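Submitted below is the structure of interest, expressed as structure tokens.
Per-chain residue numbering starts at 1, and chain names A, B and C are given in the order in which the chains are listed.
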Amino acid sequence: MSDETMQDETGEAPPRDSLFEAPPIAEQERMVEAILFASADPVSVRELSERMPHGCDPAEALVYLRKRYEGRGVRVVRVGDAWAIRTAPDLGFLMQRETVEQRKLSRAAIETLAIIAYHQPVTRAEIEEIRGVSVSRGTVDQLLEMEWIRFGRRRMTPGRPVTFVVTQEFLDHFGLESARDLPGLADLRAAGLLESRPLPGGAPRAGDDDADDEIDEGQSELFED
Amino acid sequence: MSDETMQDETGEAPPRDSLFEAPPIAEQERMVEAILFASADPVSVRELSERMPHGCDPAEALVYLRKRYEGRGVRVVRVGDAWAIRTAPDLGFLMQRETVEQRKLSRAAIETLAIIAYHQPVTRAEIEEIRGVSVSRGTVDQLLEMEWIRFGRRRMTPGRPVTFVVTQEFLDHFGLESARDLPGLADLRAAGLLESRPLPGGAPRAGDDDADDEIDEGQSELFED
Amino acid sequence: MADQQDWTEAETAISVADRLAAEALVVDVDGFEGPLDLLLMMARTQKVDLRKISILALAQQYLLFVEKAKALRIELAADYLVMAAWLAFLKSRLLLPPDPTEEGPSGEDLAAHLAFQLERLQAMRDAAARLMAHDRLGQDFFSRGIPEGVERVRRIQYSATLIDLMQAYARIRTRDEFRPFVLDRDSVFTMEQALERMRGLIGFAGTWTDISSYLPDGWDADPVKWRSATAATFAASLELVKEGKAELRQSELFAPIQLRRREGRP
């Protein structure tokens, strides 16, 4: 047993049954602290009273203890008519442990993203036309969830299809100031990313007709070199 | 991809990936407090680091936190290379309700545990030599199952026998900061009673074929793991 | 360590009290964890510091114990007998004046080692007792009663670089410039074509006819076309035979291959 216990025991009698004065309030505060900490459930004042040495005033000790924990990482909170120690609400994020898993974006996703970036605002049908294959809902959802694309305005064409545009997060991630900074095909070719043959009918088709109000975000001029 | 890279890329985002300065040390102290309070098991500095925002120094925050809880009803205690909050031992008398029924250990198990703790890393043959009887499989299994001992490194002696060492759970259970704090360790060592002395000539008993080579290894390796 | 004098004294002491003690121990032999445990118990009866015990007296005490056990026809485990033999040897070593010609450790060395073993065992027992009396988790101090679990959140971070993006775009934009690799089929007469042609003609092949007569018109002039058409027609003929619609024959090596409709079938 520890030294402290020894002292308590060598005192006249075990404190809980003591006929002598109740422990000083600071000591009572320690006791409440320990009980609240170790209990599996919130503890009522009455229960505290029963567990602490005779003559203690747990309600008063609680006032001090509460005050002591004000602004700390944990707080003394009331739960019904009982008391418990809980994590401060602003630190809840520490109770989560995030494990980050790195994954390469799928080819479908990156192609879809590229088309949106170069042709925005662009409808799903247009994306499919450019890719030559249908775009799965999951791919678009994934990009939306990553917050790399978002919905743009609806097209003023029959069916009023939604359009997609890239987001600020996208620009941040790729280190671009704006979508205009995306390298044009000429740059890609210069960088050896394209065959040197000229592209037949290269200009992008989307966004040409009615998306005039978003023209500055569009890419129409991008590929005319 | 390293953490830093991701932070660079994600820019603003949640606090854990923040590019901004680490929170002030008082705030870090609150965080350590919240994490330690929330966990029943000791939390390593490394884990604290991983859970706190980037740039935090939990080791420093722990110094402050530990001081803050000195003399209180709960204490910040070190368990190996981890930290935990535990009630002050002198208040144990308040906790009958929380008292966990201790599993009754046989005398053989207790002695074996003590020998492993004081002589670690120690082989089964060495334990048998000290106790003068063979160690039953059940005894070792029980201690392993309680997670008070674990396998240490193999000895680089013929047969490459496994060794046993005590665990963090053991330290936590007995309220020890490290195996160095075992009661009476220094005296025992000074008295030469932790040595594995070779027997001049034949052995009166004991299954020690390899134990003799390792006179010096006993305590010197003690704290490496 | 133990000279003649001590031994005599020990001898007399043993003869009375320890004979009884030995007897008591014999009855209790199951209570001991092996000979070392028993020896430690005996050593304690000497009521001196373990460092000062008389190993000679201890040996004598132990041998007495074994003797008693034999007299009482109590089966002792082999360990106990091995220890007895060793102690008898130790005793003789301790009693005889050292023989300078003799090899091996002296009686004193062996006795010192046994004393060390006993002391160490006792020390470990004391340490175990102290350890178990130490403040213990769940008994003297406590962990958090309401632990808050750490929620594991798995976050998947997708990565893509600007290069990936550009390459993807380049891939799409240049796709039109490529077409899938196909053979130039101008000079190829496929088996499917041949089969289709022959199915139409087979009804008329009542008699043996050279299969070369089934070659499509205009395919015999160009050798490349001729080769392809001949191969396809031959393969188609085999297919028709397999289907049971035609028969093939060849009179000798490299002779013309002849085909006719199989009798009894349309």
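To be clear about the criterion, a contact is a pair of C-beta atoms (placed from the backbone, for glycine too) under 8 Å apart; a residue touches a chain by one contact, two chains touch by 3 or more.
Bear in mind the structure is a predicted one, so any value in this text is a computation, not a measurement.
A.B. asks: Computing the C-alpha centre of each chain, which chain sits at the greatest distance from chain A?
C.D. replies: Chain C.
A.B. asks: Give the identifier of the chain nearest to the protein's overall CA centre, each chain being represented by its own CA mean.
C.D. replies: B
A.B. asks: Just the number, please: Cα centre separation of chain A and chain C in whole Å.
C.D. replies: Chain centroid spacing, chain A to chain C, equals 42 Å.
A.B. asks: So, what's the distance in Å between the C-alpha centres of chain C and chain B?
C.D. replies: 28
A.B. asks: Just how far, in Å, is the C-alpha centre of chain B from the one of chain A?
C.D. replies: Roughly 35 Å, centre to centre.
A.B. asks: Going through chain B residue by residue, note those that touch at least 2 other chains and give them in order.
C.D. replies: As it turns out, chain B has residues touching two or more other chains at 1, 6, 37-38, 51, 85, 87-89, 92, 95, 98.
A.B. asks: Which residues does chain C have that touch at least 2 chains other than itself?
C.D. replies: Expected reply: 135, 140, 142-145, 148, 150, 157, 159.
A.B. asks: For chain A, which residues count as touching chain C in their complex?
C.D. replies: 1-2, 5, 34, 37-41, 84-85, 87, 95-105, 107, 109-111, 113-115, 117-118, 130-132, 142, 146, 173-176, 182-183, 185, 188, 191, 193-195, 197, 199-200, 202
A.B. asks: Sort out for me which residues of chain A touch chain B in the complex.
C.D. replies: 1-2, 4-5, 7-8, 14-16, 29-35, 37-40, 51-52, 71-74, 85, 87-88, 91, 93-95, 97-98, 100, 102, 172-173
A.B. asks: Which positions of chain C touch chain A when the two form their complex?
C.D. replies: Per the stated touch rule, the residues are 133, 135, 140, 142-146, 148-177.
A.B. asks: Within their complex, state which residues of chain C touch chain B.
C.D. replies: So the residues of chain C touching chain B come out as 33-37, 79, 82-83, 86-87, 104-106, 109-110, 113-114, 116-117, 119-121, 123-128, 130-132, 134-145, 147-148, 150, 157, 159.
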